[in-house]
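Consider the two complexes below, in which chain A is the common component and chain B and chain C are the respective partners.
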Partner chain A sequence: MIVILKTTVPLGLVVGLLAGLCLGRPVLDPVAAVRALLDPADPAHVLLVEGRLPRAVLAVGAGGALGVAGLLLQDVLRNPIAGPELLGVSSGAAVVTAAVVVLGLAVPVVLLPYAALAGALVAGALVVLTMGRTRSPDHVALIGAAVSAACGGLVVAVVGLGTQGNVVVLFRYLLGSLAARGWTHVEAVAPWLLVGLVAAALLARRVETLTLGDEVAAGLGVAVTRTRVLAVVVAAVLAAAVASVCGPVAFVALLAPHLARRLARTVATRRVLVAVVPVGAALLLCADQVARLVIYPVEVPVGVATTLVGVPALVLALRSRA
Partner chain B sequence: MTPPTTTVLAGDGLAAGHGRTTVVPALDLAVEAGTVTALVGPNGSGKSTLLMTLARVLPPRGGRVLLDGEPITARSSVEVARRLGVLPQTAVVPAGATVREVVEQGRYPQLGPWAMMRRRDDSVMERALRLTGLLDLADRRLDSLSGGERQRAWIAMTLAQQTGILLLDEPTTYLDVRHQIDLMRLVRGLCDEHGITVVMVLHDLNQAARYADRLVALRDGTVRADGPPTAVLTPPVLREVFDVDAVVVPDPVTGRPWFVAR
Partner chain C sequence: MRAALRRPAGLSALGAVALLAGAVIVLAHLLTGRSSIPSAEVVAALLGRASEPAYTVVVLDHRLPRVLVGLAAGALLAVAGVLVQAVVRNPLAEPSTTGVGAGAALAVVATLVLAPDLGQGGAYVASLVGALATGAVLWAVGRRSFAVTGVLLGAVLAAVTSLLLVVDSAPLGTVLRWLVGSLNARTPTDWALLWPWLALLPVAWALASRLNAWSLGEAAAVGLGLRPGPLLAVVLLVAVACAAAAVAAAGAVAFVGLVAPHIGRLLVGADHRVLVPVAAALGALLLSLADLVAFSVSVQVPGLATDVSGVPVGAVTALIGAPVLVSLVRREQRA
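Here is the complex of A and B:
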């Protein structure tokens, strides 16, 4: 399993990247795609640089960020099924996007990611604020599930007000999609992802002590509650940034840490952190190619593809406990 | 042979409890440097709560904890962790972690949160693993080991912290007789040879009498008897603290008190 993972992750990144550049209309062979990318005079140059490349870059960044968010939450809550879904972050972004699309709010397209980000952060903040009242990681997971369910209900309520046309638009968003994402989207999330990744790296050592239990961590001199809140905030920021441009991409955050632990042959947070970025990136990049291919030329939302790819991968990973 | 003693850890009017319940109302306790103290008492007497409060793992509900004569809150938590190591009973085994990985966590206070990728200081780790007899098991998964082996791994983690004070909550739990004796001798050796101060919660009274310099008997959060084993392990104290009718005889090996229930 580990050998398979070690070769699959770099391979997935390379193949996914090439496929991302080659596929679509027109389909290019890899050599032509690379040539067109490098040659500004090539007729396909603009399509690649402005269309396919940013989409692939976004998939890599978003996948890596989701992996990190999942790892932080799983370790800090000592819960193997924790993920950003448990923070209400994705559904917070969905509520705002649904409101904007269905109610026809005058939000410029360029600002839509920021509006969604605000919604995601508000939902995440609700969970973080309630954390101050409880010491138990299980309570945090429960509160997150409640906020998430409440946001899900709001989305359905808003969608109920919509016409058929904007419900279709929303439907695609709600399943998560990387279609037609450009550099503006990349630029919108890049600073958030960067800050989140650096913060995650700085927190990793402390988060690792929390996996041994709160009292052990406190005995080692770690500020338990502060570390837990900070880690949840960082995970919320990462997941919110991703959800604001890609919608709620399912499963990557849950799955990537489990695969990365097997890849790194350890459960030590700071070592898994290094592995989870490429694993998450490869996972989302490849899922996006599956999304584009499976019923070509029609695209399925990437959220469907991550589930199609992710469920068997998770089952396999859990069966072969290294 | 009684050199002048210094108090390294003390509770000053200390009240301790979990959540809203107070288990220890107000307690004064001074622990002298280079001694082994055993806290004994029935279930629910407040031993563990007191130990965790002394270790600043639980916040005091009143009074204060003094570390080297100063309030423990005057130092940062990491600084405290370089002086005082604690083994709680609530340690969680992370699924898939190896013994070495868990023991390595004990290095956190010495290395700090920024030592992301630093090479682990192997000599300290090896020593902790050797003293607990875990060298051969170092790369095994903790969740594949027996309860006693796990317990030894947690003790190794605490030793890797390299502190002058050790607080151990029921360290012999799950250990077989051989490893119980080894651990008690290890504790005695840490104290006698390295001057490490140990406070531990023990359930086995004969073990406490044999290896500790001082017994503190608690019941309902108050100290009922405090002193050398000969003064504490007596029939009246056993009756008052444990409701046990007992005979106390000298232990044939050491001459320390040895109790047998009637």
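Here is the complex of A and C:
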């Protein structure tokens, strides 16, 4: 399993990147793609530089960030099924984005992450506070599902105001999509992702101590509550930034840490953190290729692809863990 | 108060209050709407003696089916909630968080997209098949942890539903409202297709004393002579059928199946012999009340030309239900 994972992750990244650059219309062979990428005079240059490359870069960045968000949440809440999609964080961001899209508020794409973040933090805080000290995955799943359902109700109430065209756009967004994303989107989320990743790296040692238990961590001098709150906020920042441009891409954040723990052969947060970035990136990049190509030229929202692939994998991961 | 309510006199008082509340809600439903009809004419229309045929159509073909479907679907959802919570022994479970609602929704959307000419009857059959199939999968895969498996299963089914809608986005507007649950534009056909399912309510009531035994724990239940396998299968089957009928009629309304049993327990305690009918009545009242709120509230949103009205009832139940759920969890943690 570990050997398979170790070869699959770099392979997935390379194959995903190549497929992302070469496949589509027109199909280019890898050599031609690289040449077109480097040569501004090439007819395919603009397509690659403005179309396929930013999309692949966004997939890599978003996937890595989601993986880190999932890892932080799982370790800090000591719950194997904690993830932004089950903690309401994604749906909180969705509500705000829905309101912006449907009500036609003039929010520039650069500011959208701030708005989405506010929604994500409110919903995430609601779930985490409700959860209290419970460790039961059942409990968490049900609370998260309930808050997500409430957010879903809000979204539909908001969508009810919109016109049919808006509804279709929004529906696409609500499933998570990487279609037609350009450098503006990458630029909008890049600072958020960088800040989030650095913060996660700085928090990692304390989070790792926290996985030993609250009492032990407190005995070792870690401020338990502050660390937990900080980690949840950082995870929400990462998830909300991704959700603001790609929509709530489900199950990457939940699944990537489980795979990364296998890969790193440890549950120690700091070492898993290093592994989870490429794992998450490879997952989302490959899922996006599937979403783009499976019923070409119709695009499947990438969130659908990640859910259909991610859930069975997650069930397997949880089962073999138990 | 709870003890007093459990005595026969208390129970009949509770029943009287429920009937009164039901009558008020039904009247409010019949009297309000887009077109204003004098109350005397509404009564006359009910008796078949309205002065204008349009009144008869509005009252008998639009308003009456809507409130009846709301009452019946609410009762079915609440009973499904009681049964699911009893089986899982987790008070936070409800039909829509265990994937069954999503399964029914997927099947209905599939028939809407792939075979639109099957009509409403087709939607009922599809909803039932989808819900039963989901229930069977849940039974086969997730017996160790119904809740996590149910939520994950629900996510997968919702993704497949979305996939269908991506391939054919024409029915998106209607389907999206329907996925949340809406009682807008119910017709007499809806009521005709729904009411036979109310026969499930006495079946659920008949299971009540076995549910009481089961809630003592598996060992105690076996000691009392129950065979857990067949019992759970039957209870789950009834719960799934209740949920499926409600979903086919009103869409995947959230939280009624969660909140009604809880309010019922607060009022009369956890004895299922009393809880099942009380929860059914509460569910009926809650859903039709939420529907009344949903269609009579209209909000002005700055920047929009028209008022916001005709919100689907599922949005209202979700907004009311979430805070209730949060407070329930907190209470339980303190206990």
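Throughout what follows, the second predicted complex is superposed on the first by the 265 of 322 C-alpha atoms of A that agree within 3 Å, B and C clash if a C-alpha of one lies under 4 Å from a C-alpha of the other, contacts with A are read in each partner's own complex, and residues count from 1 in each chain.
The criterion applied here is as follows: contacts are C-beta pairs under 8 Å (C-beta built on N, C-alpha and C of every residue); 3 or more make two chains touch, one makes a residue touch a chain.
Here the structure is a predicted model, which means the values were calculated and not measured.
Once the two complexes are laid over each other on the shared chain, residue contacts for A:F251 go to chain C alone; chain B is not touched. Of the two partner chains placed around the shared chain by superposition, neither chain B nor chain C is touched by A:L316.
In the superposition on chain A, contact is made by A:G153 with chain C only, not with chain B. With both structures placed on the common chain, the touch criterion links A:I81 to chain C but leaves chain B unconnected. Of the two partner chains placed by superposition, A:V198 touches none, neither chain B nor chain C. Here chain B and chain C are compared by how many residues of chain A each touches, and C touches more. Per the touch definition, chain A reaches chain C in the complex via residues 81, 85-86, 103-105, 126, 130-134, 137-139, 141-147, 149-150, 152-154, 156-157, 159-161, 164, 167-168, 171-172, 175, 250-251, 295, 298-301, 303-304, 307-308, 311-312, 314-315, 318.
Within the complex formed with chain A, the chain C residues making contact are 90, 92-93, 96-97, 141, 145-156, 158-160, 162-163, 165-167, 169, 172-173, 176-177, 179-180, 254-255, 258, 301, 303-304, 308, 310-312, 314-319, 321-322, 325-326, 329-330, 333.
Residues of chain B that touch chain A in their complex: 52, 55-57, 76-82, 85-88, 90-92, 94-98, 101-102, 104-106, 108-109, 112-117, 154, 157, 161.
Contacts from chain A toward chain B in the complex involve residues 78, 80, 201-206, 208-209, 211-216, 218-223, 261, 266-268, 270, 321-322.
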